[in-house]
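See the structures that follow.
Shared between the two complexes below is chain A, which pairs with chain B and chain C, respectively.
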Partner chain A sequence: MLFNSFGFLVFFIVVTCLYFLLPNRARWSLLLLASCFFYMFFKWEYIFILLFTIAVDYYAGIKIESAEGVERKRKWLILSLIANIGVLAFFKYYNFLNGNISGLYSLLGYKNPIPYLHIILPIGLSFHTFQAMSYTIEVFRGHQNAERHFGIYALYVMFYPQLAAGPIERPQHMLPQFHERKQFDYDNLIIGLRLMLWGIFKKVVIADRVAMAVDTVYGDVHEYSGGCLLLAAILYAFQIYCDFSGYSDIALGSARVMGFNLMRNFDHPLYSKSVTEFWRKWHISLSTWLYDYLYLPIVIAKRDWNKFAVAFGLMVTFFISGLWHGAAWTFVFWGVLHGLAVTYEFLSKKPRNRLAKVLPNWLYSATCRILTLAFLVITWIFFRTGSMSQSFYIIKTAFNPLAKGYFHLMYRELNDDLTIMGFARWKFFAVMLGVVGFAVADWLIYKKRQFILFQVSQGLRWAGYALLVICIIFMGVFHSNQFIYFQF
Partner chain B sequence: MEKEQIMQQVNAIFIDVLENPDIHIDANTKADDVAEWDSLHHIQLVVAIEKHFKVKFTTREILNWRNVGDLCSSVSAKLSAK
Partner chain C sequence: MKSIKRLKYLLLFVILLGVLLFSIDWIISFGARHVNVSDLGKINLIFNHRVDPDIMIFGASDAEWGFDAPELQRLTHRTVYNGAIDGTHYRQLACLIDEFAQYATHNRAVILSLGPFALRARMGVREIERYLPVIGNQNVYESLYDMDADLAFKCRYIPFYKYTEVSSNYYRQSFEGWKTYIKSRRQGFPLDTMLGYVPDPQAWQRAPKNATNDASNVPIDKFTYQVLADLIRELRSKGKKVIVLVSPFHQSGVALIKNWEQIRSGMQALGAMADYYMDFSTSTLTTQKDYFRNSFHLNANGSKVFASILAEQLNRILK
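Coming up: the complex of A and B.
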C-alpha cells in the first residue's frame, strides 16, 4: 500500500479513528494488526521473515540484558546481528554477490555453478533490519532495557508509518511512546495533517511530475543534447529530494496525528555548504545510525592512527552506506565518492577556514553551496542510471557546453505535437516553473526555520491549504508511482 | 587531581584541538553546545585527552559519555586508579 494511493487514505482514516475509539490497553494490538495488514499488502508471505527476526531479536534482547559478563552479552548480540544481516544479505545481496562470482568464473573461462534466484526484495527490509539491530545494540550498550512485551517490541519494528522507508528509529525514542497513554490532541492532528499535505504535494506534484522528464531523458540518453542531460541530472536532485522527504513528511505526519513523534529525517539538505553538512541534513536517521554503530566504533578502535582513523572510518562507512542503498557497484561508487568528499573536507578544514576569512561571506557561502549541489547532482547520476558507462557518458556530455548542439532542447513529435523531454511545450515550462517555485519556497522555509504558511492569518492559511489540495488534485501524478527509497 | 583542575586542562585541550580560544566548557557542556565539536573532531579530542593524562579509555566508556562532566569523571576515575 503506497502512501500516495487512495487505499492508504482510507486505511489511515480508519486506523486513526479506531485508535482513538479503542481503550488504551487495546491500542497496541490495533496498531500491530494494522501494520501487519500494511506490510502484507506488498507480499503477504514475507510476514514470516519479519516474524522470524522479531522473535530472534526479542529473545536476544532479554538474554543480552540478563547475561552475566560482557562476553556472554556479546554472544547474544552477535547471534542477533547474524540473524538480521543474514536475512538482509540473502534477500538483497545474494544475486549481486553471485553475479560477481559469475564474472570471476567467466574470466577464468568457466561457468558459475551457483544458481541465480528470482528474489523479490521484501518491502522496507534495509530500514526495519537496521532499526531492529539498533535495539539489540542499544540493549548491549546498556542504553536501553530489554522490552518484555512481545507485541510492543513487534510494533517497534513494524509501526506502519515508518515500516516501508523509515525514519530508522531508536528504541529509546520509540518504545516509551508505545507504552504511553495517548490522548486525542487537536494540535497534533493539525500538525500531522499539514505535514502529510506538504509531503503528498512534494511527492505527487513535484517528484512524480519531474520524474516524467527525468525518465524520458534517462531512458534514451544518447538521443539527448548535453544541455538536456544536465537539466535532467539537476531535476533528478529535486525529484529524489521531494520523493524521499515527501515520504518522510507523510510518515511523520501520519504518526503525529496519533500522538507519536518520529525523528526528523531531512533539514533542507540541498542548500548545504559542504558534503559533510549535507549528510547531517539528508536521511538523518540513516547517517546517525551509521555514525553511532559503524563509524564511531571504527574510529574508537583505530584512534591511535589519529586523522587516518577518521579517513578510514569515513571510507568504510560510506562504502557500506552505498551498499545499503542498493546491491550494485554504481551505488558503491556513489558512496565511495561521498566518502572521499567528506574525507577531503575533514582534511582541508584549515585552508578552507583561511579562505573563508579572506573572501566576502556571501561569496564564500554561495560558492560552497553551488559546488556542493554540483557534486550532489553529478554523484546522483550514478545513483539514477545503475550503469557506470552510461553515467560517465552523461557526465562527459552534460559538462561539455562547447559541443555542437549542446543547448538544443530536444523536441520530439508525439501525436502531432512537439514535446520537450516528454512534455508538451507549455507543460514543460510549467514544470520548470513549479520546480523553481518549490526551490524558492523550500529556501524560505529553510531561512525562516518555519513553514511560512503556518505564520500567516487563519484565512490565508486555509487558502494556502486549499491551494495545495487543488494542486495535488489537478497537477498531481496518480499512477501509484513507488517511492524511490522503497526499493532499498 | 581535583575535578576542577581536570576540567581546566580539558578546556585547554578543547581550545587547542578545536582551534578556538573562546571555548568555555563546564560539566553540562555537550557536543551541540560547541560549534567546532563535530562528529569528525570528536575522536581527536579523545586522543588528545588520553595523551595528556596518559590514560586509555575503553570503547564502552567513550560511548557512554553524555557530556563533558561524564568525560572528566572517566579521567578522574582512571587517574585515581593509577
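Coming up: the complex of A and C.
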C-alpha cells in the first residue's frame, strides 16, 4: 500500500477514527493489526520473517537485561544481531555477493556452483532491521529497559507510518509513546494533516512529474545531448529529495494525527554548505544511527590513531551507508565518494575557515552551496543509473559543454513531435516552473524556519491548503510510482 | 472538548473545499463532454447519437490513420465517419459499437477493420480518460468493469478519483470542448471536419519498438474473437451490412509475425460470419514503403490511395 494511493487514504481514515474511538488499552492492538495489514499488502508471506526477528529481539532484549555480566549480555546481543543481519544479508546481499563470486569464478575460467535465487526484497527491510538492532543495542548499553509487552515491542518495529521507509526510530523515543494515553488533539490533527498534504504534494506533483523527464533521459542516455543529461542529473536531485522527504512528511504527519511524534528526517539538505552539513540534514535518522552505532564505536576503538581514527571511521561508515542503500557497486561507490568528501572536509577545516574569513560571507556561502549541490548532483548519478560505465558516460558527456550539440535539448520523437526530455515544450517549461517554484518555497521555509503558510493570515493559509489539494488532485501523477527509498 | 469544538472549523473548510472541487470537476467534465475531435470526441459523438453515416468504420490505429473518411465520402458519395480509436482493442470498443448499433437508423454499412494484432489478447483498459465523460452510461461502465472492475468502479463512484487517471491532455481537450460549446451552442454538437480520420504525413520509419518485439508470435485470443463474432451478429441483426476488413500493412510486417497465416484464417472465419470480407494484407499497396509510416500503419499518402481502392469496392457493394 503506497502512501500516495487511494487505498492508503481509506486505510488512514479508518485506522485513525478507530484509534480514537477505541479505549486506550485496546489501541496498541489496533495499531499492530493495522501495521500487519499494511505490511502484508506488499507480500503477505514475509510477515513471518518479520515476526521471527521480532520474537528473537524481544526475547534477546529481556535476556540481555536479566543476564549477569557483560559477556553474557554480549552473547545475547550477538545472537540478536546475527538474526537481524542474517535476514538482511540473505534477502538483500545474497545475489550481490553471489554475482561477485561468479565474476571471480569466471576470471579463473570456472562456473560458479552457487545458485542464483529469485528473491524479492521484503519492504522496508533495511529500515526495520536497523530499528530493531537499535533496540537490543540500547538495552545492552543500559540506555533502555527491555520491553516486556510483546505487542508493544512488535508495534515499535512495525508501526505502519514508518515501517516501509523510516524514519529509523530509537526505542527511548518511541516505546514510551506507545505506553502513553493519547487524547484527541486538534493541533496534532492540523499539524499532521498539513505535513501529509505537503508530503503528498512533493511526491505526486513535483517528484513524480520530474521523474517522467528523468526516466526518459536515463532510459536511453546515448540518445540525449550533454545538456539534457546535465539537466536530468540536476532534476534527479529534486526528484529524490521531494520523493523521500515527501514520504517522510507523510509518515510524520500520519503518526502525528494520532499523537505520535516521529523524528524529523530532513532539514532542507539541498541548501547545505558542505557535504558534512548535508549528512546532518539528509535522512537524519539513518545518519544518526550510523553515527551512534558505527562511527563512534570505531573512533573510540581507534582513538590512538588521532585524526586518522576519524578518517577511518568516516570511510567505514560511508562504505556501509552506501551498501545499506543498495546491493550494487554503484551504491558502494556513491558511499565512498561521500566518505572521501566528508573526510576531506574534516581534514581541511582550518584552511577553509581561513578562507571564510577572507571572503565576503555571502560569496563564501553561495560558493559552498553551489559546490556542495554540484557534488551531490554528480554522486547521485551513480545512485540513479545502477551502472558504473553509464555513470561515467553521463559525467563525461554532461560536463563537456564544448562538445558539438551540447545545448541541443529538443528531441524528435517517433511520431515527429519535438519534445524536451519526453515532454511537449510547454509541459517541460511547466515542470521546470514547478521545480523552481518548489525550490523557492523550500528556501523560504529554510530561511524562516517555519512552514511557508504559517507566515500569512489565516484566510490565506486555508486558501493555500485548498490550492495544495487542488494541485494534488488535478495535477498529481498517480501511476505506479513507488517511493525511491522503498527499494532499500 | 476544546479540540472537538475546534473541529467545526476544519469541517467548514472541508465543506468549502468540497464545493470548490465539485465545481472544478463540473467545469472540466462539461468541457470534456463537448469535445468533438480526437478519440475523446468520437466517443462523445457516438454516445450523444450525433453520428449516423452511411458507412461507419471501427478499429484501432491502423484504421484511424488508414481510412481517409473525407476522401471516401467524396469518392463514394455517401456519408462516412471514421470511429476507430488508436490502441484500443475490440473488447473495449464493443460498448461503442453496441451503442452505435442501437441508435443508428440511417447507417447502411459498418466496417470492422482488423489490424494484424486485432485478435491478440489485451489486458486492462486502454486510456480510460477517453471514456470518462460517458462512464455514467451503463453500457460503457459494464464494458470497462469487465476489463478492470476496480478501476471502473473507482472512476465512476469515487469523487475525483478519475483525475488520478487522466493526463494533462484531458484538461486541454476539456478547454477545447468549452470553446466548441461556446461557438456552436446554437447549432448543436458539430462533427469534426476530418470525420474522425487522423492523417499521418510521415514518411517511412521503423516500427515502434514494442510492436516489433511483440511481433514474433501473436496468439489468437478466444475471448476477443468471440466479442467480434457477437458484434457482427448484433450489427447484422440491426440490418447493417457488416464488412470485416483486414487492413493493409507493409509486407515487412508480415515477416515479423510468425503465425500470420493462422491469424488470417481466424479473420477469414470472422469474415464468413459477416456480409463481406475484404483482405488488403496482400494488396499491391503493401509492397511500397512510400505509403506507410511503419510496418503496420499507412501514412496520409497511402491512405489516400487506399481510399480510392476501397471506394471502388464499396460502391460495388452498396449499389
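Keep this in mind: the second predicted complex is superposed on the first by the 483 of 488 C-alpha atoms of A that agree within 3 Å, B and C clash if a C-alpha of one lies under 4 Å from a C-alpha of the other, contacts with A are read in each partner's own complex, and residues count from 1 in each chain.
As a convention for this text, a contact is a pair of C-beta atoms (placed from the backbone, for glycine too) under 8 Å apart; a residue touches a chain by one contact, two chains touch by 3 or more.
The model shown is predicted, which means the values in this text are computed figures rather than measured ones.
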| item | value |
| --- | --- |
| Contacts of A:Leu296 with chain B and chain C, given as first, second, both or neither | first |
| First (chain B), second (chain C), both or neither touched by A:Val310 | first |
| Partner chain(s) touched by A:Arg264 [first = chain B, second = chain C, both, neither] | neither |
| Contacts of A:Tyr186 with chain B and chain C, given as first, second, both or neither | second |
| Chain B versus chain C as contact partner of A:Arg141, first or second or both or neither | first |
| Doubly contacted residues of chain A, that is, touched by chain B and again by chain C | none |
| Interfacial residue positions of chain A with respect to chain B in the complex | 70, 141-143, 276, 291, 295-297, 299-301, 303-304, 306-307, 309-310, 314, 342, 346, 350 |
| Touching residues (chain side chain A, partner chain C) in the complex | 6, 183-187, 189-190, 414-416, 427, 462, 465-466, 469-470, 473-476, 478 |
| For the chain C and chain A complex, residues of the former touching the latter | 2-4, 6-7, 10, 13, 16-17, 20-21, 24, 28, 154, 158, 160-161, 163-165, 168, 171, 202, 205, 208 |
| Of all residues in chain B, those that touch chain A in their complex | 19, 38-40, 43-44, 46-47, 50, 59-60, 62-64 |
